[in-house]
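Letters A, B and C name the chains as they come in the text, with residue numbers starting at 1 for each one.
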């Protein structure tokens, strides 16, 4: 596995209004990796992803992507460098059809040929989306909306995909589909930063992991080591 | 200590009122015509701004239909204060005899017009209050346009766009400033009372206010009824000062002027509304000669009608960009506050 | 019956003007939640630009029409720059007041410069005249206005429904932040939206000039309110709805006036408000959809 750094957060402090939520967070993601960020509700995982995207401006620290400083880049420019986002709660465009959602995700593509190519790829990953392509996205089921959010993020053929709790509220077989898709996506060259509450699933498919507590990284290590850590077992895997 | 406080509280009002009456008396006697008119316009604008602030600043019911209210109240009063010969012989209005053949004094005319304004305001509010935000604004806007249009197009009852004139000169310092102080007093008392705080709570967060058990419809109607009552009275005072009345005077441009007063002063602040009224009154009068054209060293400077409105538009946009909270924010002017601020700046 | 159909035909021009204005209105509302009260002045400025091209510079009608549209776009961008961009994100009331101020300011400026007297706007020869079919007069200008409405409306629908920019606009109207994370430059989309909406106001201005043969500084005041109601009828944010709503309102208003006793003709403005109040009472929920469809 290549060890070339793709994403690097160094000592990032960020938050809403006056109160910082993140206190000096450092995270690394190498090219071709799946990295996971674990943590209980409300510790700042979503905030971390939003800061990477540029939706929040960090107060301190530095974020580098592919060698370039993206600390204060607006989101659409971060996206143009190859960062895609599948947000928590999916945030699909409820007023658009499925195919229009995917086309919105493909905004950065230049040619029709590319569009068709990526559309076919997403359809082959999620055949259900193809069946529903002319349906208004607001009327999809929760699982279908999750597929759409992931498919939409993949349409731009990103270098790095940020996923926020993709398994939240999904039935077990759908969780499996999400996991398989991520592995597949990763195999075709997209790195993934995965935020999950489902630690078992996350550690299974990723190589490296971070555990966040109260806005700071409390623990990090290879996924296997983390899975074996007593504390992680107890708190995140529910093994006494 | 307690005794003294009780004493000052009791003594303060008569002394204060006495002082105000004395000042008004002296001003009334000593001010030359132009300045007196300016002073009266300031008072009328104060009434308009303080009343508009109740709906627009406190309850967040942003109305730009208050021109239509002034029009309704103004005409209602005017039809009774005009001389009979003017109504019957000169313009020949087609009205029932009990309107045509009477001329009533100012106080009943003010009350009548105020009540009519309030009723019209509540009739407007009843359907409009179901609406939020921009929909509410646009319905009030449409109301203003409709009122002007109706008044212009019912010549049998209003003399149409030609308007009415020959009013008795009823408006004077006592009426204007008496009512202005009354409105200011009521507004300041309201602010501390349950009703006023209910208005403000509704303006801040309607859902929260409802949760707190505030009856939204009831208090919105109170706010609208009170605001439109005094707005109509302000309109009547104005008519009986400038001595003519025509529909287009109550167009959106007028409302725009009053909105500017409360934005400059700080939306939600009574003292801000008074300050805004003073500034806009002065501004308008200073620019009046330029609007009408004048001569400098024998050179005729052409008139520039609309200059005031144009500059106000620019000022309004600048204020909203640079200091959206206006002069006072939502706070009130108070001597204690001023004293505190002074002593703090001395300490530093 | 003939009278009825004739009046409907007469209402088509007014309806088309409202359709074009309403479509622009609804687009800016959908994208940024702004009821651009100055839209009427953008429309008026377009009419003046065409008037000057036509009557002062003596340019051919086609050129004047293009200049009219460009004039509207210029004022539209100016409004965006001074009355909208600096206060973006500071609440609906503030946005409304600034656009209200811009509206009054621009109108007053035009009245100061050009007075509020009506100015002639002459039609090109090929639009003069009418066809007589049975008892019905069908004016050539009506036909022209309808053709323009259909063509521009179709182009607009194509743009909004099928193109990348259109999809970006609609995505943004639903969720601006998520749209931005797809690489959509929301600043650019706002500008494009203003340009399109203003261009539509320019088209409406040319339609107005051709239909009524005169323009004036205060001409934007009433149509802007009617166009707002048209877009409410169509569901705010729904471009096609606004076009249909404009036609319904324009034709309805003309019929209303046609059957009004002559002494009450001045109550014409009441019509749109009656319609609005009916909507508010019958279908208030229809008033609150704010995404571009």
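Simple rule for what comes next: a contact is a pair of C-beta atoms (placed from the backbone, for glycine too) under 8 Å apart; a residue touches a chain by one contact, two chains touch by 3 or more.
Please read all numbers here as calculations on a predicted model, not as lab measurements.
Student: Report the topology of the inter-chain touch graph, choosing from line, ring, star, complete and other.
Tutor: line
Student: Most central chain by CA mean?
Tutor: Per-chain C-alpha centroids compared to the overall one single out C.
Student: Counting only Cα atoms for the centres, state how far chain B is from chain C in Å.
Tutor: So the centroids are 33 Å from each other.
Student: Mind checking the centre-to-centre distance between chain A and chain C? Centres are C-alpha means, answer in whole Å.
Tutor: Computed value for the inter-centroid distance: 43 Å.
Student: Between chain A and chain B, what distance separates the C-alpha centroids? Give it in angstrom.
Tutor: Centre separation, chain A to chain B: 57 Å.
Student: Note which residues of chain A are touching chain C in the complex, please.
Tutor: Going by the criterion above, the answer is residues 53, 55, 74-76, 78-80, 84-85, 87, 91, 93-96, 100-101, 103-105, 107-108, 152, 156.
Student: Which residues, counting only chain B, touch chain C once they are in their complex?
Tutor: 60, 62, 64, 127, 130-131, 133-135, 137-139, 141-143, 145-146, 149-150, 152-154, 252-253, 256, 259, 263, 304-307, 309-310, 312-314, 316-317, 320-321, 324
Student: Given the complex with chain B, which residues does chain C contribute to the contact?
Tutor: Those in contact with chain B are residues 35, 82-83, 86-87, 90, 92-94, 96-98, 100-102, 104-105, 108-109, 111-112, 221-222, 225, 228-229, 232, 264-270, 272-273, 276-277, 280-281, 284, 287.
Student: Going by the contact rule at the top, pick out the chain C residues touching chain A in the complex.
Tutor: That would be residues 164, 167-168, 170-171, 173-175, 177-186, 291-293 of chain C.
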